[in-house]
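The first chain written gets the first letter, and so on, giving A, B, C and D; residue counts start at 1 in each chain.
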Amino acid sequence: MEKYLYIALFAPIVGSLIAALFAQSPKNLFTGIFTSALIFVSFISSMILLNYVDMDKIVHVEMMDWISAGNLSVPFGFVVDQVSVIMMVTVTLVSTIVHIYSIGYMEHDESFNRFFSYLSAFVFSMMILVMSDNFIGLFIGWEGVGLCSWLLIGFWYKKHSASWAANEAFIMNRIGDLGMLMGIFLIYWNIGSFQYDVVFANIVNLDPSEVTWIGIFLFIGAMGKSAQFPLHTWLADAMEGPTPVSALIHAATMVTAGVYLIVRAGEIYILIPEVGMFIASLGAFVAVFAASMALVNKDLKRIIAYSTLSQLGYMFVAAGLGAYWIALFHLMTHAFFKSLLFLGAGNVMHAMDGNLDIKRMGGLYKAMRPTAILMSIASVALAGIYPLAGFFSKDKILEVAFNNGSYLLWGALFVGAGLTAFYSFRLVMLVFFGEKIYEKDGIHPHEAHPFVIYALTPLALLAIVAGFFEHSFHEFTTQLLSDYEFTLDHSVGAMLIFATSAMALSGIAYAVYKYKRGGFSENIENWGVYKLLSNQYYIPKLYEVAIMKPFTALSRFAWLNIDNKIVDASVDLIAKTIYGGGEKARKMQSGNLSSMLRWMVVGIVVLLALAIFYRPTV
Amino acid sequence: MLEPINIDLAALNITSLLPMAITIFGALSIICIDLMTKNLSKSLYTVLTILFILLSLGAVLGYHGDSRGFFDVVLVDGIALMTQIIILVTSALFVPLALGGRRFQEFAMAEFYALFLFMIAGFQFMVSSDNLILIFIGLETASLSLYTMIAMHNRAKAHEAAIKYFTMGALAAGFFVMSSLIFYALTGSIEIHQIAEVLQTKNFEPLVAVLAGTVFMLGALGFKLSMVPFHTWTPDVYEGSSSALAGYMSVVPKIAGFVVAMRLFEMLIGSGVVWLENILYICVVLTMTFGNIVALVQEDVKRMLAFSSIAHAGFVMSAVLIGTTEANSGLFLYWVLFMFANLGAFTMLWVTRHRKNLWDERYQHPFSKFSGMIKIMPVNAVIMGVFMFALAGMPPFSVFWGKLYLMSAAVNNGFIVLAIIMALNSAMAVYYYMKLIVYMFLKEPVSNDESIYTSNTSTTLKVIIGIAVLVTSISVVMVEPLLKMITNYVTLSGF
Amino acid sequence: MDHILSLIIFFPLVAGIFGFLVNKDSIRVYGITVAALEFFLTLALWVSFDGNIAGFQFVEHVTVISHFGMSYHLGVDGISLFLVILSTFMTMVALIGLSIKKDAKNLIISVLYLEMTMVGVFLSLDVILFYLFWEFSLVPMLYIIGAWGSDKRIYAAIKFFLYTFAGSVLMLVGILYMGYLYHATTGVWSFSIPDWQLLVLPFNTQLWLFGAFFLAFAIKVPMFPFHTWLPYAHGQAPTIGSVILAAVLLKMGTYGMVRFLLPLFPDATIYFLMPIAIVAIIMVIYAAMVAYAQEDMKQVIAYSSISHMGIIILGTFAINAEGITGSIFLMISHGIVSGGLFMLVGCIYDRRHTKNMSEFGGLAISMPTFATIYGIMLMASVGLPLTIGFVGEFLSLIGFYKVSWIMTLIAGTGIILGAIYMLTLYKRSFFGEITNEKNRGLKDLNGRELVALVPLVALVVILGIYPKPILTPIDASVKKMIVLMEKKAVTQKAKDFIIKVNTIKGGE
Amino acid sequence: MITLTHYLVLSAILFSIGLVGVMKRKNLLMLFFSTEILLNAVNIGFAAVSHYYNDLSGQMFAFFIIAVAASEIAVGLGLLVLWYKKTGSVDLDSLQTMKG
């Protein structure tokens, strides 16, 4: 089985490196097909592993030593267990589809080969992240996906906004990474190992305050990667990247790494419910917060991005409350329907010649029926309507919140569910139905290549049926993860399901109803709330004014005033003083014999005076 | 009142006078040769001078007698022997500089060589006696010869330099005799060791008078050693005299002065005259620092070297202040190593001597003259660079080892602050030596004509420079034997 | 193999002297050949080096000045081995990348002398000998900066020279005092480091001596606020000068700290640990901010060096095997990375004769290979895992975490700030459309530049993935040193501290 | 009664006069005179002290000083003549080409 592990892990990087060889040559279809094939190989291997992994059958390899110094020793070790294999399958599946999709999507791009190289490199990093058997390996993947995300967001580097967004993403992630590193350091100095099994075996022996700190630091890392408030702004900006990237990285895989980390480190978080509660609260807050921003946004991709943010909040609620398998389950189903949504959006975007403003679309159903259907499925799934995947996973999370007695959280998530349904269908309605506003811009939409559409069908299928795997999923993952016990009555559970579904349905209904009739009047754009939401609560602005600008100013101040005018000048001052002393002292050397003689006599007289008046006491 | 004097010839220990006798005889014979035949080549005189010097050196090296001789006025102890060796070797290395490529009037005259030998004899007397009269005579003989030799360079500046030097020297002579008078009045003796004994029995009372005598001696020796504020002659005299002589002046008269200072001051400090220790401390620091900071702003290499030699003197004077065997050995080690670097540096200047002041109206060797030398004459530039780094105390060149040893002596004897001041001063000193290097290596040349830089060159000068470079560069292996010899001599004479 | 260390030190010197005979058209090849031979010599040293022995190997000892205890004493251990190899490697690479034609002969001979002094510093076991090479290394560098630099080169060269010289003279006093103490304690004169390491000093004496040594090293590193010579030196120096300065010369300071401060004065080290760590943190953050404000690409990297050196110092003063090993590894990795970055700046400077970022923009379009290599180096510089930059930074920080977690957190912001200035630089220079027409049609890297840069890139990746061959010998020597420190410490506080920071669990 | 002290005081006064002369005089010739006064002031002292101690070395010193003073002035006058020929002046202020 180790063979499959290595294949699953290294197939993507082989593809990436080979594609990189062609990076500077013109488009070569081979790179696209080759990398897609290799990712598919990786997917197959993952599936074999999924089949293999069982109660007492996990694959664990130690490839080689990496760093060893002092007491510290980190190997390159990989483990395929119930959690990682789920992630592997999800990642490779979505990746395969995104790769194939990209062959169509990027067909006219001059940097076609480079794109596939980056994309496969990302998959490799993600595989390291999920397969590592220790925190450092996780961190390698963590940073690796960050790098690939930077490369891919800034893929169209000629665009100023793209490279800006790439840098923003990287830097924001680094803030989280620092927190994560601190957590890792703390683990090391308390346990002396980074291996999951060793750490989890010993974590119970630690001082609770230490565990709390470890939990907090690791969560800071998760916040960066999963774009939780207040490190969330980069995710929306990251939509500057090509759409397949948004689908793969910023919806299905990388951003969920934070959730994966919490799930993986569940044995730590289970000891510190306070931190878990905080995580859940923050998650719930983000769920509503992000959904509210999605309500008014006009940018097709940003809406989906906010939706992702909101769903990540849901996952964190589950993870924070200890329902790890549910978090993981939502992570998986979300990966399917959200990437589908994004890829569909990519089709729309192509059809619209790159225009993303949903107010300038409308009535595209006619022109691109398959895409419209796929996106609608995804939206229904997202909204959580039975029997689609979202229903199962999302309702479970609400149930957990209620079960936990955190009614406030439940309330937030409940509202969030309604909002989700509304904005999803606002998007569908504005894009696919209603008046064909795009015609005013002289755009002639066209559907994507058939193979692209075919590539998307597996996702659509999964978005529909994945929910029914709930029980087997539960059984499988709880072999490793701690189970979550529901204490609710069945009737209460049913009530909750009903309420949530009703909420979602009414959201959908309201959206359909409203936008059938031409939507809201333009007036609302002048409302304070609208402005607040459409400006993302002014948070990006705040960051710019309160952090970026002062930092830049301070940096310039440090350079121009402190470094040049104080530190350096004082060094020069010493030199100048000495030199100036020389200039003054040389005046003594007037060259006049009389004064020279006088100096001598003065010397003698002073010394004589000292001889008389100066008496050192031994 | 007068006793009949019975002189036992053996007790006179005439051989103790042999080295001086040889140099004096040499001087007289050169004058005689000149009287008999005219128009002899300067090379003859030069070689003769060297021969006499070597003979004298042989006499010094072969000396195995009592340390006292000639009515006990001559004191040939270890220090005297060693200093004579240093003086003679240095002289032998500097005399050949007369054989430059260009003609200079003074070197054509036999008197120059005679005076040179007289001067050597004067210094030899000065260092090998503890009788104040003999020291005075030696000092004056040497100084008067030196004044004359400076003036023989026959440039307006040389005359000015000679007059300045002379006048100040006369004043310093006054100080010297005044000091002698005071000590004589206090103790009734003019021999340093007797003075010491009497002062000790009197417990240095009256202290004011003792200190007054010390002050005048400080003035007199301070003049010779160019201690601040008796240093003012140094830059002008160096500038005015020929480079060859200036180089010589920065080495030999000073070592003679150091020996006298050691004999006198260490006696006083060793007996617990704290006043002198403190004053000397101040003088040392002042001299070092002053020499260095003024050297920073000089525009002429020779003047810069003059000020730097003030600083070096101050540095070495600290050995007298510290006063241990180690320090005194350090003094000689430093001076020997310094001599070679200095010999090289001044010879290099001597090589570039040109008839006219091509680069600057005022100066013979302005820094700008050496601009971009690396491009015109890379070897010369590198060699000059070696000397500059050596003088700056850059390892592994010669002066560094002296510096190391002296600073170590300071540290070992509790003069940590002094050691730090010395260290900081050597950091300051690096700047002006480096200034020349910056000009030579980092700037663009003024003129590509090599000949104007080497108008005074000759094989002899090249050989001298070669010796200097060699010694300066590989001094690390010389330190061990040198130090052994020096320490041996120094311990022998009880310092 | 008996005298391999002498051979390594003096081969460049001899080759440099013979270099005068080589015709100036062929001097470049000569220089590269000599540097390559020297590099292979050091590789041979590595091969025959026994990584399991923690002490000094290949020791040579000849007494030079017995009066004074000065001897010709060489030896190599895990700490110095890789710095030596780094020196010879970077010299070779820098010479390969050399594009200066003017007076190339003088330049190459100077570089060879410089190589001798660098290797000498790392191999000397006698302190006087160490000081000798230490000081002498300034001379060729002065010449290189001053003669081949840009407009303000002379000012920069003099500043560099005087500043570092002034710093080290106090060290000389310290060395002499240490020698005196050794003599006073044992009755024997010795300036040999292994001898000194056995000398137990009283606490107060340690404080003073620590200060004297520290100042010299701090200026060399350079630590805030003694750093201002560095931007000038880098800004004005020719590429080869910057490469060697950043890659090797700065490491002399941190090497000195590891070699002298820690084992000789353990109590003083721990006494001064916090203030030094605070300064190091200031360096990390302050230099990163100043780097962000720069307009000149080279200055950014110059200041980033200061920032990274701060992390190295933190690692060194973590006083545990993780931290010190990490800091030594970081010295090597920073040498390779910053050397590479300076070479890259040199490549673009050769083409555009400017280093100002506002003149660039869109370079990725015209020079994709250049942009790729630059990107890899940049990622190594910001410490991305699986590049060489991560290992050292990670170990240094993890080491210091044991000393103080809050300070590590603050210092850790360096990885964020590092990303900020580096990515900003990259964005401003490489991304965007070509706005300046001069940047259009620039030639991508040529063969010579690739030959110089590709080995660096390869090392960045290889050592990032498999740093073990380097870490093991370093670790062995470092562990030995820590045991020594613990034994030597005179105060209980220091002993406790050393034990505490070297044990897992417990403490803070 | 004239005691040793009187001689010494005289010597000191003469010496001071010499010093003042050295400092004040601008004429080179006068300067030489002043240095002669210095030396002769010391001579008086030596003679007196020598007599006081009944020791000859002081007087010997005095004789030597006289001899040295004579040769010194010979050299000095030689230089002065040289300078006068060159510049036509014996003023000290004319000796100022080198400074700084």
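Things to note:
Heads up, the rule we're going with is that a residue touches a chain if its C-beta (ideal position, glycine included) is under 8 Å from a C-beta of that chain, and two chains touch if they have at least 3 such contacts.
None of the values given here were measured: they were computed from a predicted structure.
Each of A-D and B-D has its own count of C-beta contacts, and the greater count is at B-D.
Of all chains present, the one whose mean CA position sits nearest the global mean of protein CA atoms is C.
Chain A and chain D have Cα centroids separated by 96 Å.
Note on chain placement: the centre of chain C and the centre of chain D lie 65 Å apart, centres being C-alpha means. Chain D has its Cα centroid 26 Å from the Cα centroid of chain B.
Chain centres here are Cα averages; for chain A and chain C they lie 36 Å apart. In chain B, the residues that reach two or more other chains under the touch definition are 163-164, 167, 171, 235-236, 298.
In chain C, 162 are the positions where the chain touches two or more neighbouring chains simultaneously.
Among the residues of chain D, those touching two or more other chains are numbered 22, 31, 95, 97-100. Chain pairs that touch one another, listed by label: A-B, A-C, A-D, B-C, B-D. On the chain D side of its complex with chain A, the touching residues are 19, 22-23, 25-26, 31, 92-93, 95-100.
Looking at the complex, you find that chain C touches chain A at residues 162-163, 224-225, 227-229, 231, 286, 289-290, 292-294, 320-322, 325-326, 329, 362, 364-365, 368-369, 372, 379, 384-386, 390-391, 394-395, 397-399, 401-402, 405, 408-409, 412-413, 415-416, 419-420, 423-424, 427, 430-433, 465-468, 471-472, 474-475, 478-479, 502, 504-505, 507. Here chain B touches chain A in the complex through residues 163-164, 167-168, 171-172, 175, 208, 211-212, 214-216, 218-219, 222-223, 228-230, 232-233, 235-236, 272, 274-275, 278-279, 290, 293-298, 428, going by the rule given at the top. Residues of chain B touching chain D in their complex: 1-2, 132-133, 136-137, 140, 144, 147-148, 151, 156-157, 159-164, 166-167, 170-171, 173-174, 177-178, 180-181, 184-185, 188-190, 235-236, 239-240, 298, 303. Residue ranges of chain A in contact with chain B, taken from their complex: 578-579, 581-583, 585-586, 588-589, 591, 593, 595-597, 599-604, 607-608, 610-612, 614-616, 618.
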